[in-house]
Amino acid sequence: MELDLFVRYGPDLLRGFGVTILCWIVGSVGGLLLGFAIACLYRWSIRPVRWIIDLYVELIRGTPFMIQLFILYYGGPYLGLVLTPVQAGILSFIVYGSPYFAEIFRSGFNAVPKGQIEAARCVGLSEARIMRRIILPQMLVPITAPLTNFIIILSKETAILSVVTVPELLYETQTMAAETFTYIEPFLVLSLFYWLMVIVTSWLGGRVEARVTRHLKRT
Amino acid sequence: MDFSFDVIAHNLPYLLAAARWTLLISVAGMAISIVLGVLLCAARLSSNLALASFARFYISFFRGVPLLVQLLMFFYMLPYVGLDLPAIAAAILATGMCSAAYTAEILRGALQAIPKGQAEAAEALGIPSLALWRRILVPQAIRLGLPSLVNELILLVKVSSLASVVGIAELTRVSQNITGETYRPLEIYVAAAGIYFVINFVLSRFGRMAEKRLQIG
Amino acid sequence: MNTKTPSAATEALISVRNMSKSFKDFEALRDITLDVNRSEVVCLIGPSGSGKSTLLRCLNFLEAYDTGEVRLEGELIGWQEGTAQPRRRVAAGTLRRQRQHIGMVFQQFNLWPHLTALENVAEALIQVKGLGKKAAQDAAMAALTKVHLSDKAQNHPANLSGGQQQRVAIARAIAMEPRVMLFDEPTSALDPELVGEVLTVMKEMAAEGMTMVVVTHEMGFAAHVADRVAFLDKGRLVTLAPPADIFGREPDDPRVRSFLQTYRERNVV
Amino acid sequence: MNTKTPSAATEALISVRNMSKSFKDFEALRDITLDVNRSEVVCLIGPSGSGKSTLLRCLNFLEAYDTGEVRLEGELIGWQEGTAQPRRRVAAGTLRRQRQHIGMVFQQFNLWPHLTALENVAEALIQVKGLGKKAAQDAAMAALTKVHLSDKAQNHPANLSGGQQQRVAIARAIAMEPRVMLFDEPTSALDPELVGEVLTVMKEMAAEGMTMVVVTHEMGFAAHVADRVAFLDKGRLVTLAPPADIFGREPDDPRVRSFLQTYRERNVV
Amino acid sequence: DLLADIKAKGKIVAATEMHYAPFDILKDGEYQGICHDLFTEVAKELGVEVEFLDLPWQSILPGLEAGKFDIVNAPVTITAERLSRYSFSLPIGNATVALAKKAGDSSIAKPEDIAGKAVGSQKGSAQLEQLKAFSATLATPADIREYVNIDEALADLAAGRIQGVANSMPLMGYAAVQRPGLFEMVMPPFGEPKYFGWVARPGDETASLVEAINAALLKMHEDGRLKAINEKWLGTSPELPTTMPDVK
């Protein structure tokens, strides 16, 4: 192990890590919101709209992110859509995550007993309010873990942004690897940084879970 | 832009041949993911402290370390401890074991939403915990978590592309290779995306069907 | 023995006409016709599975009835007026407005497990009635006090006994001060003492002009509170009469007779 | 009026000694001492929140009681014999063996929603009694027939009415032929007719030597079936006496008196 | 000793990343290219069979060190830093940097014309270093974009985001030949001469293998096979040194 490599490439790696975190957080939050919107739309719409949503979910979820990004970034200019790497990266990241999030939310909706929603309707709560006060807090019980899972997965999918030259972590470690012909050190850096992100995410997920399952713990 | 369907037509057989590896790794990986995921989830919730901490560590490790690194470890480091796996076995094991960590968490989340009374009813009848899991908890957890599980399986199909690092010519790898020769990435990638889409679409529709069938009431 | 004088109001508040409801092939309700007058208390009795809960749920369109009509103050509930088969549902907002005046207490309570007893009651007061948080909590606490639960206001449903949960469900409905109250076995999990108290609450509500439809298995309860008693069997409305006619003398219908028979035998304490 | 002769068996099957149970600071049960003899039927009555369900749940260790003892045929339930505080639980397998002979019907039924009524009943027969699939289904069907539900055997709980669900829960417990049956308000969701039928089933079970502890709000039921009636209030066992002493004349305890008072007033049909 | 082991087994295993035309090509499911042809000849000289593996770059060095294969027969630019960690064979190709532009782009006629224009190159490559050094000598430096793979740089050239791509001369030439309507090579190459070599584990264990390979290469220099193979793929044959080039 050559420690001076870390000194030499340290600033680049840290900058890459910063870009990774930026893309990850914006992408996750954006995907989460878009996914939630899609799931709500699905819940409240008529058949034909549902088919369109289904198609969207299947298409985006069913194809690799790398290829989507490639097509958007390198194919886009032919259709007059010229994006910078970071724009393309974040946009496609949000779109890519949304169907997964939407499916998780959809499963969450189904997990809340029908009777409780009926009770809410009976007292005249609006659908939006039922969503916010009755469904959301309870559906977080089963879906916090899958949401955490997917946000963790997204943290690693940021690596794919390197194909459109977003200077994120993998991009920087690959420079280090190519220039110096090392591999242990770059992998160590990658693992450590991703692990950091994963630890923080799981911790947060655990906190949310503890919060939303409070009422289930019988004293 | 000249989009050449000939390039796709010409290379499709090679892409399809590569997709067989993708399919093999995915299907075998899924089996491992689900079986191991259930066991891990049970261990994670077990009152046995050693088991529970092992499961926690496992999940933290396999979710924490990039799969790329895991695969390299499986293939290149295990030989140092005298365990030389064939490439395909390493690829299947690594993807399956990594995915199991995610599956376990999905199931754990779903289990929390099953009313406690159901387990109590089983306890009161003297139903052994194995049967409780097998017959009462797991089927319901799978039903509740099905969309998330399908998510995970689809991710597994796609992540099987990393198997190229142990030398398996799966779909993504072969499409990259063809691109390197034809200089026609858009065509080749669209074709590859199409194949992934077909595999995942089948998986996803299967999930929806199962969801309908398992729906109660 | 029912001691109340028959309600003076004659206009039907709820009017059900030839209403039917099937679950797949199973006909749960057949051709139900029933008027509930303002300030009247109608009790639904009948064997298990006879369709009592289903009827109640059709009244506020929790189950979409197949044919026939349900009207509240003349307004068709759930379906758009005058549409031919297949009928079209009214807009969500309209249904919400219609339901707002129909309170309901469920057989399975359907409390929201993540909210405390107080929050369960206060929720709709804030959101639907538009009360401020403080005012809603005070009103909720008043409703809980009515059902003797003020000391458990901060418990979550999982930490309440069955009877306590049922009382929270009652408090949740009455706090909204609806025009009609639908009760699905509101006393099933209550002890005799509380049944008496809930009964008192309901009597007061009736006196204040509340219209009520109550599914119950407690014949004494029906006899005491009801203006009329409806007997359902296999989805049909077999008898609809003042309780004196049903409990006071031998009922004409053999089905009703045998139903009450078993009850009488047991209740000789 | 209870017409049964007092049980001949004198050996206590269940013996509860100075048992207490708190939820955090809330003392749900205080110093309960109670013997249930073989083939005896003991009814627990008392106001809502008095601890009836909790007592029942302590008997099969669904709630771990804090202090005191619960014994079945002399064997301490749940805790290891002779361990000082803090006590140690028995092994899971031991607890399972202990529970196998204690059947329970829950206040909230706790059916398994993904299994049909038949499967709900058959499950434990297969898993615990080790019956083959066919034999288990036959036995389960027999139990469902006993509670008049054979026609709904293939329904999932969500498609059953409240009373039907309750009967499935009863069938599930009786199919196991336990030595003791614990019922938590087994008739709360039943109509009078079915209450009569379930009561008949329970009478038969009692006649066959089944020991039962029944939480109920139906005083008529208690009077008919119980050998002794226990009155709980605020976690204490206030009175334990044959039903004739409680229902037949004015009870000594003022609390019991006022409790029964409200009941009598209502049940004059 | 590795060479002895290989001879005993009668087989040498070589790994490369099979998308670096014209050196490594996977065409119609078959491995081809300069490195394929050269190494096949080398194996003949060694008197052993050869098995080729296709691995992504991330996996090549770990695999080499774990002994999953014996040598990396990919064209790797020989640099000082890399030499300090691994053993290299004698040069097998010319790695001097050259430029490709979009076909018909008249604003670029010679390398110097990239001044102020956007040019892509492969991250971490020796050619990138050369490009940077070259750009620094221009009046207005070029806007240099770094890509992980050269494929993507070419895709961006096609999409019009950049006006040029700089990479090793053979690669640029081959791209221009393959997509004549799309890419065009800009002559001449620029910067210091660079060479590709093959990579083996460092140390005594592999020394004899590297020597044997070098001997085979020298023999092919002499008997013209090296020239013939290069001409087959490139149309021309570059001058390749017969000693290890001096790299700083």
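Order as written gives the chain letters A, B, C, D and E; numbering starts at 1 within each chain.
As a convention for this text, contacts are C-beta pairs under 8 Å (C-beta built on N, C-alpha and C of every residue); 3 or more make two chains touch, one makes a residue touch a chain.
What you are looking at is a predicted structure, and each value in this text was computed from that prediction instead of being measured.
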Quick note, more Cb pairs in contact for A-E or B-E? It is B-E
From the C-alpha centres, identify the chain that is farthest from chain A. D
Centre to centre, using CA atoms, which chain is the farthest one from chain B? C
How many angstrom between the C-alpha centroids of chain E and chain D? 82
Length of the line joining the C-alpha centres of chain A and chain D, rounded to whole Å: 50
Averaged over CA atoms, how far is the centre of chain A from the centre of chain B? Could you give it in whole Å? 17
What whole-Å value do you get for the distance between chain C and chain D if each is reduced to the mean of its CA atoms? 29
Could you list the positions in chain C whose residues touch two or more of the other chains? 108, 158-159
Touching two or more other chains - residue numbers and ranges from chain E: 58, 62, 152, 155
What residues in chain A touch two or more of the other chains? 70, 74-75, 78, 138, 216, 218-219
Residue numbers of chain D touching chain B in their complex, please. 60, 62, 92, 96-97, 99-100, 102-104, 106, 108, 110-114, 123-124, 127-128, 156-159, 172-173, 176
Residues of chain E touching chain B in their complex? 15, 18-21, 24-29, 53-56, 58-59, 62-63, 65-68, 151-152, 154-155, 175, 178-179, 181-183
Which of the residues in chain A end up touching chain B in this complex? 57-59, 61-68, 70-71, 74-75, 78, 100, 103-104, 106-107, 110-111, 114, 138, 141-146, 148-150, 152-153, 156, 159, 187, 190-191, 194-195, 198-199, 202, 209, 213, 216, 218
In the complex, chain A touches chain E at residues 70, 73-78, 82, 162-165, 171, 174-183
Complex contacts: residues of chain D adjacent to chain C: 1, 23, 45-50, 52-54, 107-108, 152, 159, 161-164, 167, 184-185, 188-197, 199, 217-221, 223-224, 247, 258-260, 262-269
